[in-house]
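Given below, in the form of structure tokens, are the structures.
There are two complexes below, and they share chain A, which is joined by chain B in the first and by chain C in the second.
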Partner chain A sequence: MNRRNFLSGSLRGSLMLALGGVLGAITGRAKARNTVWQIDPFQCTQCGRCATECVLELSAVKCVHSFDMCGYCQLCTGYFEPDPNKLNTAAENQLCPTGALVRSFIEDPYYEYTINEPLCVGCAKCVKGCTMFGNGSLHLQIRHDRCVNCNECSIARACPADAIHRVPADRPYQFKSRERKS
Partner chain B sequence: MPQVVAQRFPPPQFTETSHLLPVPTEPAVRALWLDYLDIGVLIAALVLVSWLVLRRRSRSGVVGVGIFSVLYFGFWRKGCICSIGSIQNLSQALFDSSFGVPLTVLAFGLVPLLFALFFGRTFCAAVCPHGALQDLVLLKPVKVPNWLDHSLRMLAWIYLGLAVVFAATGGGYIICQYDPFVPIFRLSGSLTMVLFGVSLLVVGIFVGRPYCRFLCPYGVLLGVAASVSKWRVRITPDTCTQCRLCEESCAFGAINKSAVDAPSQPRATDKRRLILLLVLLPVLIAGGIGLGGLAGGTLAGKHRIVNLAERLQLEESGAVQDTTDASAAFRAGNNSIETLYADARALHHRYVVAARWCGAWIGLVIGLKLLSLAIVRRRTDYEADQAHCLSCARCYRSCPQELQRLGLPVPETPKPANG
Partner chain C sequence: MKPLSQTIWKQGSLAVAIASGVFLVLMGGLLLFNQAQGKVAGLVQSTELVRLHNELRQRPQDEELKQRIRKLDLQLRQNSFTELRISHNGASAMIVVAGLFLASAHLVRKQRQKLPDPLAWGPRRPVEENRTRLKTQYAVAAMFGVAAVAAVGTSLQAVRLPSPPAPVQAAAVRFPTSAEMRENWPAFRGFDGSGYREVAAIPAAWNVASGQGIRWKTEVPLPGMSSPIRWTNALFLTGANAQSNVVYRFDADKGQLVWSTTLRNPGNKMPEPKVMEDTGLAAPTPVTDGQRIYAIFANAEVAALDFSGKQIWCRILGPLDNPYGHAASLAIYQDRLLVQLDQGEATSKLVALNTSTGQELWRVARPIVGSWASPIVVEVEAKPQLITCGEPWVISYNPLDGSELWRVNGLGGELAPSPAYTGGKVIVCNPGSDVRAIPANGSGDLSTNLAAWKTDAGVPAVSSPACDGQRLYLLTGDGQLSCLDPGSGQVKWSHEFKDDFYSSPAIGGNRVIIVSRKGVAHVFENADQFHDLGQSELGENCNATPVPDRQCLYLRAGKHLFCLEESAPVAVKSPEK
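Showing the complex of A and B:
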């Protein structure tokens, strides 16, 4: 019994050293800060997977608008179908499948486009229209009031453009206008 | 490579109204103090369960903490981050020096192991939400035959090896991808994973904690730590009288029978079997290395970069005409295809090396398992197997000594079979 106790005691000691070794090796390099997942809007190719791959029923990804990049166009290519039947705001002429993109008149000839977030499903249809033919001011972001910060974001795994990465939690958004300036 | 932003249309010049440009909102991330609260709750729960199991010897206390853990770490924290998954963050950090790990991950990964070194697997008893959930649905335990139990337990060791390989090479977190219970805690997830989780729970009504015993990679590490723990579950509070009443009380097959009245094998056969297995061990390891080398290429194909390089090679050679989203995205940015090929080659090599190690590991584990089965230990008491015991405290009240201690009626002691 004594020999067994001694043996397990020394094994316990070496396992504790091993745990300490892991701790030391990892904390030693001081990069230990909290991270969250975020989309790099410049890498995103608007594939549409953000709407379907999130573990949440309604994706944590939403469209955001960098207003200071927007042209306030009357004929927004993120808002209207490429070939609308008539130029009015009827639902069949809108790109957004849920009517989450809201168009409001400011003054001639400017219109402002805002996102009604609860309706947005993050499908990137508007983003694609805006990026291909407009200023690219609409883009996707993971919204941290919804995201549960999975240990491995399942959209990141599915993203064909490798656009989703861990970012420092104290800088959790990558708005296009801000990223461009920096 | 950030593409230049197209400013096709000039910004608006408001003249009639003094409209101000709105700014997008930034909903805050989860507050840091909540992370620290999680660590505090983890440590408090570990201390409480260790006390309940080893000192109070209270099964109902363990169940109570288990319900709390399912609610707090499971449904409230949505199962993320958990100790099981943290193995991957830690492995990735060990192999990739640019990858940092926050305090929560370190705490969830290392503190339960430290506790296991002293108190056994009290984390599994009621702190881990995965284990606690399975423990709650276990209503009609049936016994898994020994040979099946031992073989299935090997799966967890293999799973651990593969998870480390993928995490260390940056190929993804398979423990998270195939986690059966997090979709249940979140009440959402892919249909396959929800079905997997639900069916494990249904099986778990009869088979004690199938995920813990046969799959959980963290349980493997906890088992190693617990096998040399300082204190441990003792079925009897006093001395074992060989009454055999506890024999079938463990739902997880973790009670080692006393060998007092087992017929002993002739020593010569024992020895021959042992020598045979000792010779077999290096053969198993070599075989594992060989198979690992073969499997490495396949595993590498799961990595995004290797996968993309293979696809681009097909497209370049004209074997396929169309493009995938990934290859189109790659071509849209101005990336160098040569660099990608070089990265993919380097990764391929890393995978083959890692898979060889993993193969050696699996060979070693199988060999040691066979050896440990062949060595007959002379036990004089009925004891809980330190590595496999989940500290659930179910067996305590099957011991008449314990009932006596508690002042409860003691059932008639049956005669030992061959006494």
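Showing the complex of A and C:
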């Protein structure tokens, strides 16, 4: 065997193995993609770890709002600090640390609450207020346009309530609604 | 001699490689440091901000403090989002610079002078060397093969969904038994809302001035129309004013106030509900399941506390718009706290809350104009029913899921008397019209069915009926007391007291007690003829229903909670502090 044969044989073998590996990986990923991570909002205890434990710099967990459950309250306990100083948008009255929950007047005495998603860090402060004292219409969900679907989700590992599970990828969200309240 | 351009290329490439390498190291370090710091942790976990918020609650008018909060809030947001931007831009820059580094390093390497290969001129490689190279080639190929098989095997293994958790066995969660509920007095008018306790010691008379028959009396800090409830040696009571809704625990043996807990939630600044003086802010009686106490107040603030007084959860189901103020007491079935909120046809509702978390389990709208009656939970043919009254319907629900079991039309007026249940029949009062008994084993709309019986004798307008299964007592607001046969509705006897009454009769063994609004108590025999046993004065107004107990009687008056007993010391004892 000369050097030329040795090199060409090694290269051919390596390419075959690499091709097999790639095919295997693709098969594996295709299977892995059948499931995605999601938060069960009824198990979530609003501990706040979703904001800090995600591998992404800005967590893939965001607050979502089920408008059909919302009471459109003037005193929204997801928006305002407990025992708020005044019912206005000043920083000392807002519960959200990033101002991601936006309050819009509809008609007296109703207000609509929407989420400015780029600002939301998934800290669950609003969710806690809404769940404890309101209708629980604000809740957390893993956003699949952001989630990288790690094999072992770091927030699932850190979740004290074991509220984060793999769910079928064709039903990737577990939203609360008026019909699904528990 | 190398050409000048080659030297420039080499030195230039080297400079770029060094500069980009240094950049990569520095930027990588910065990003790692940034990552370790936690970009949003400082924002969402700022203890300083929490401290300032707490200070603001103490000094709500402090404008300087508000400015400090705003400044800190802005600073925290700026820091966090700046760090996020640095991370994002830094990572992008690192990718570009890494490419530059690789290219320049490659150029530097390429331009390095190579040493001549002596083998190029020497003899051919020996056979041994070729053999060694062949072995090496096989070893490398085998290693790659094993790795590839392992990779393919691993990747073919499907990701399995976690198996669903095993359903919680019913035995794991223990609810109090009927016997335990009967032994205690866990709700308004007792376990099943009948106002009856089989073994009890209702004293015939007492004297507040001399202390005769008074085991203890303790001042209740805040007013309320609610009645006491008892679980073992704990007596619970509620009181409220415009600022606070408070739950009290008293020692049932000695009377001392063990703790008082002011409910705390963001709704404390809700506008004070409009209530009539006769209703007040703490009219509904709390309820207990032996583990927690649940209380509701006029602003629809409902809460659960443990037996040490710690608030477990608290939420507001209002605001309520009730012309007299909310008065319906709470009911409980297993892990469901049942709240009847009747205030108008469009807004009346029945809500079940999880007793552990306060989360809503179900809610049904009620076609009720308004009511002040309390719901009761009873077992009919071994199945639970939640029975409610309001104008114009008596409706029975399944307390587990809120599904309606049956309903009967025909109630009118402002409905305050709660229903009672005895011998398979629900007794309901239709103020100003009649008292009727409805068989509780039907289904659907039973309005066209005939009632088991109906009578217009002594129809209460406020107080609720009491029944021991043998006799049904009805007390009107102006003092007419009627004793009926609950099976037939026949009046056994009636007696007129010259007084006004809101509180309901209570039956304890062979005695019955009623207490007038002025605080005059009348005790008589639980018998088929009227036999007066005694009359005593509390010296305070009274609207709460008495609680008969094995050894004594508990009674809430305007300012004090009393424990009354048959044999009494001579002097009034102050509770031990």
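What we mean here is this: the second predicted complex is superposed on the first by the 145 of 182 C-alpha atoms of A that agree within 3 Å, B and C clash if a C-alpha of one lies under 4 Å from a C-alpha of the other, contacts with A are read in each partner's own complex, and residues count from 1 in each chain.
The rule we apply is simple: contacts are C-beta pairs under 8 Å (C-beta built on N, C-alpha and C of every residue); 3 or more make two chains touch, one makes a residue touch a chain.
Every value quoted in this text rests on a predicted model; they were computed, and no experiment measured them.
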- Answer with first, second, both or neither: which of chain B and chain C does A:81 touch in the superposed model? second
- Query: Which of the two partners, first being chain B and second being chain C, lies in contact with A:90: first, second, both, or neither?
  - Reply: second
- Task: Report for A:107: first if it touches chain B alone, second if chain C alone, otherwise both or neither.
- Result: first
- Go through the superposed model and pick first if A:24 touches only chain B, second if only chain C, both, or neither. second
- Query: Which of the two partners, first being chain B and second being chain C, lies in contact with A:66: first, second, both, or neither?
  - Reply: first
- Query: Looking at the overlay, does A:57 come into contact with chain B only (first), chain C only (second), both, or neither?
  - Reply: both
- Message: Looking at A:34 after the superposition, I want to know if it touches chain B, chain C, both of them or none. Which is it: first, second, both, neither?
- Response: both
- Contact residues of chain A, present in both the chain B and the chain C interface: 9, 23, 25, 27, 29, 31-32, 34-35, 42, 57, 131, 133-136
- Note on the structure: Listed in rising order, the residues of chain C that touch chain A in the complex are 35, 38-41, 43-46, 49, 52-53, 56-57, 60, 65-66, 69-70, 73-74, 76-77, 80, 84, 87-88, 130, 133-134, 137, 140-141, 144-145, 147-148, 151-152, 154-159, 161-162, 264-270, 313-316, 358-362
- Sites on chain A touched by chain B in the complex: 8-9, 11-12, 15-16, 19, 22-23, 25-27, 29-36, 42-43, 45, 47, 55-57, 64-73, 106-108, 110, 112, 114, 131, 133-136, 143-146, 148-152, 154, 157, 160-162, 169, 172-173, 175-176, 179-180
- Message: For a test of understanding, state which residues of chain A touch chain C in their complex under the given definition.
- Response: 1, 6, 9-10, 13-14, 17, 20-21, 23-25, 27-29, 31-32, 34-35, 42, 48, 51-52, 57-59, 75, 77, 80-85, 90-92, 97-99, 121, 123, 125, 129, 131-136, 165-168, 181-182
- Residue positions on chain B within touch of chain A in the complex are 2-3, 5-12, 14-17, 19, 21-24, 26-30, 32, 35, 78, 80-82, 85-86, 88-90, 93-94, 97-104, 106, 110, 113-114, 117, 172-173, 176-177, 183, 186, 188-189, 224-225, 227-230, 304, 324-326, 328-329, 332-333
